[in-house]
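As structure tokens, the structure follows; a few thoughts come after it.
Letters A, B, C and D mark the chains as written, and numbering starts fresh at 1 in each.
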């Protein structure tokens, strides 16, 4: 298990190098001279040249990249090009917000999505099932930012129950978490239904029934644990979706996480911030996937870690 | 006696595995004559299917040689191999996965001709319908898809697909084991009719000794990748020597009530995987007569004319 | 020369046979699809929507999309001349939505198309050839999938700059690895099937096996993926538009329409509600069609 | 001897999207106490459907009993309450399914899967006794008790089938429905499993319905036999009566002729011509008529009556009508 974990972490390194290099590469070859953008249109050629040297932009791409990664390894993500603060410090303020929001969203999406999916499967082709199917289809079909706005209009403006933006109290988290987790909730509900229905038709479930088990036991003791396997895999994907979705949700709710920070950086092409975000997100997603695989091995005795 | 058509010499096929090398086919030499059938019998995992595929080079053999009509076909480039390919075909076990579900019966049977171009284009439809007719598939089946047919009819399509190239040798990999008994007999008869009409040579792979007895001239019994007994059919049913062959024969349930209370050799244990096997007899752990000598290599010994057995006990006297 | 012509002729002849057969199979799929009410509703709705957007120039003059007039700002829906009302600049919302739909639907279709083709090429060769080809392609996909798709698209757009073409590239890039994985998995299961072995048996070349046996068989799951994928792409485009890095305003696109009205939505909710509903209805219809197709193409899964 | 299970005129259909499949059509069968009955038939004969109907485990929303009755001792299965059925399943009637590979819960230890039956039907048994009982039954089927903490994937096919048998027999049921228990196994393993089943059946004095497509297995292991074709029983009797090959239903006769065996010298087999009738669209007369050499207009017009050709030997064929000359 430890050996496997270490190997997986080692395997993560080339992937992270790959994605950061790729992002660095496309940001740097793209048109527009960052030095000129930073010093402004009135600057002299000399000023630009100086800025360029200061940022290391006069060096070959690969050297720039290696330098960046070397510093990043030492916890230095550089300084924002356009605002003069340290990226690392800013991240340490903002990341907790994003993580808190992400966890809240994923928790409700899993804690409600899976049980409702079970109900949908057990009562399949009934009104409950149809209602849940329609609800989840709407949630996956509507744009997340739009749903967020509609929540604001309805819960904040009309009902005045919850604040529409910011993150100062726990009540500020409710609406963002609700809209961020919506899509994931819907996919969880639908996949749980599909997988459980599938498992309920399998041979060993028939065996369990032939033993004289009650239907409740058949579903929860025999079928559900087996359908949990693909659902766990799903959770890894969920996390990736949530990390991506947080950019949108944080923008809608003016939430002070890294998502809203990143979007402004992307628009301004503030390379240090973009690089740092990609790096952090890639590491988080990588670790989640590893945890998911480890969980899988715990639930399914057939999975042997370290094997092929 | 007719000519030797297909021959293998010390054919080996090993597969890499997490725990070592799987000796799926280990040192198999056989000969099949024109118009005759070699039955290859064994339980699942004994390497019989791999053997058939290695002869057709669907699995490239690890070592050893395969000769067709006296010429080695191992190591030939694909263009050089083409003329042999049309002469050696295969009928598969699973009538469900062996037919491309997106092709109609006509297309399935015509496909080998379109690839190999053994007949002029103009004659293709004629050749296809002729072969289909021969296999009991009238022209009404032209536009039928595999999923609309049952196992028996599908297996007829599989046979037609193999026959349309006018091969001389067909590897039949358990062609009837997935079929119902009443359909099984239809297909077996069809195979035998074809053999009579066209002087076909078959390698008939199966786990069913009754079927093999019905269709074969020679019989080869395999266990964990190795040949344990190889002889003429009459010889093997009259004087089977290897303990494994004996056990196989006695395990077959028959409809003959007089045999109901016969003494049965029920084998203990199960077949394991031939991963990095030890040099001795691979059947020894399950063999009721095993002795210390079984851990030595067991070569095939001719105990009677053309009757080979790989067991020191039997070859003694 | 003659041989070449012969080949051509027989090819068309054989095509005839196979298309007529395929028709029979398509008929069955259509028959099963038609029975699915939700899927049929989805098909009708999306067809109407596409036709309405495509023919928008026939019933809405193009100028209406951009004509600004402060006098006409914030006219509520169902007013004369402005069925969905107007925005802060007095532009007609209906006109903007119908013209914007062209971009949203078109971009959804194009990105999924690119990903579809690239997915078949990359995933197909990875699955079929295995070995080094597989490792290289799949490692590359791993890299692209190590960050959420929308982040990758965002970064690429940021690097390349705004514009429809660049956005299409950015979105396809983040979609291709997923598509390639699906194709690879499908090809891997097919590759082990006996019918591929049978084709090898009579000397079918790899390329022929791929085009004649593998691709037609992976089409089913791929088409299902594409149908539900278009919906997802429309959502992605809208999201990029909303974030202000998709289609540059004032060009209308469903996401940008909502984005440019964001500050007024709290007081004039219809400005967000209506374009959002359009997105939802379009995506919902496509999802219904996707579900219907899955059941129709793979009937055994249902029972 | 008294009948343990009595199925009378059972009709079962499967409703799919495209059509209605008639799986059982007037299926009648009785099993005596302690007897081993071989139920023979090919794909689509309705063998599995019969077993599932007996346990009331037909697939939900798809399978449906249209008419007929199933009586187990004095219980009317089709009218029994859910609670009564739970008590019957596993304790009184248990079933061994065809495919041992997928029949066991992959994420549960095999010992626990066996113990579950005891938990369900012997709630008063002490945990210690239960463990002892599991060990005992595992030993009986030839598995060392130490392996009870392993998972199904650690067992081979034959060993899994032994676990399934242990599970089916641990409550000592009165009736065992074995649905092709050896079809997925190799010949030598099949011999092991059949020998084991016979031994255990005798030990527990259970009745057994051995469903199979292999007449050979029936001849060697059963006392009586019933031949099913297209959802009905066409012939039934003792082994001696049926396997004497004196008076047989044309279908049974056809089956005998098309099996290659170890003694015949005929150069060719005699297959039954044609294919099984389509269960979506069955003929109204005898289902075998279109493949039968003795088919008459009467056979096409109506389903033949069951004829008793000797005491206890029944054949559903017009050839054996009272007063007719026979074959």
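By definition in this document, a residue touches a chain if its C-beta (ideal position, glycine included) is under 8 Å from a C-beta of that chain, and two chains touch if they have at least 3 such contacts.
Note that the structure is a prediction, hence the values are computed from the model and not measured.
Graph distance from subunit B to subunit D, where chains that touch are one step apart, equals 1. With chains reduced to the mean position of their C-alpha atoms, the one farthest from subunit B is A. Between the interfaces B-C and A-C, more contacting C-beta pairs are found at A-C. Inter-chain centre distance (subunit B to subunit C, centres taken as mean C-alpha positions): 49 Å. Subunit A and subunit D have Cα centroids lying 53 Å from one another. Chain centres here are Cα averages; for subunit A and subunit C they lie 23 Å apart.
Of all the residues in subunit D, the ones that touch subunit A in their complex are 55, 57, 59, 61, 86-91, 94-95, 97, 99, 102-108, 116-117, 120-121, 151, 153, 164, 167. The residues of subunit A lying in touch with subunit C in their complex are 14-16, 18-19, 22-23, 26-27, 29-32, 137-138, 140-146, 149-150, 152-153, 157, 164, 240-241, 243-245, 247-248, 251, 262-263, 266-267, 269, 274, 277-278, 281-282, 285-286. Within the complex, the subunit C residues that touch subunit B are 6-7, 9-10, 14, 17-18, 20-21, 24-25, 193-195, 197-205, 208, 212-213, 216-217. Chain contact summary for the complex, subunit B toward subunit D: residues 43-44, 150-153, 180-186, 188-189, 192, 207-211, 213-214, 237, 247-257, 260, 264, 266-268, 270-271. Contact residues of subunit C toward subunit A in the complex are 139-140, 142-151, 154-161, 231, 235, 238-239, 242-245, 255, 258, 262, 265-266, 269, 272-273, 276, 279-280, 283-284, 287-288.
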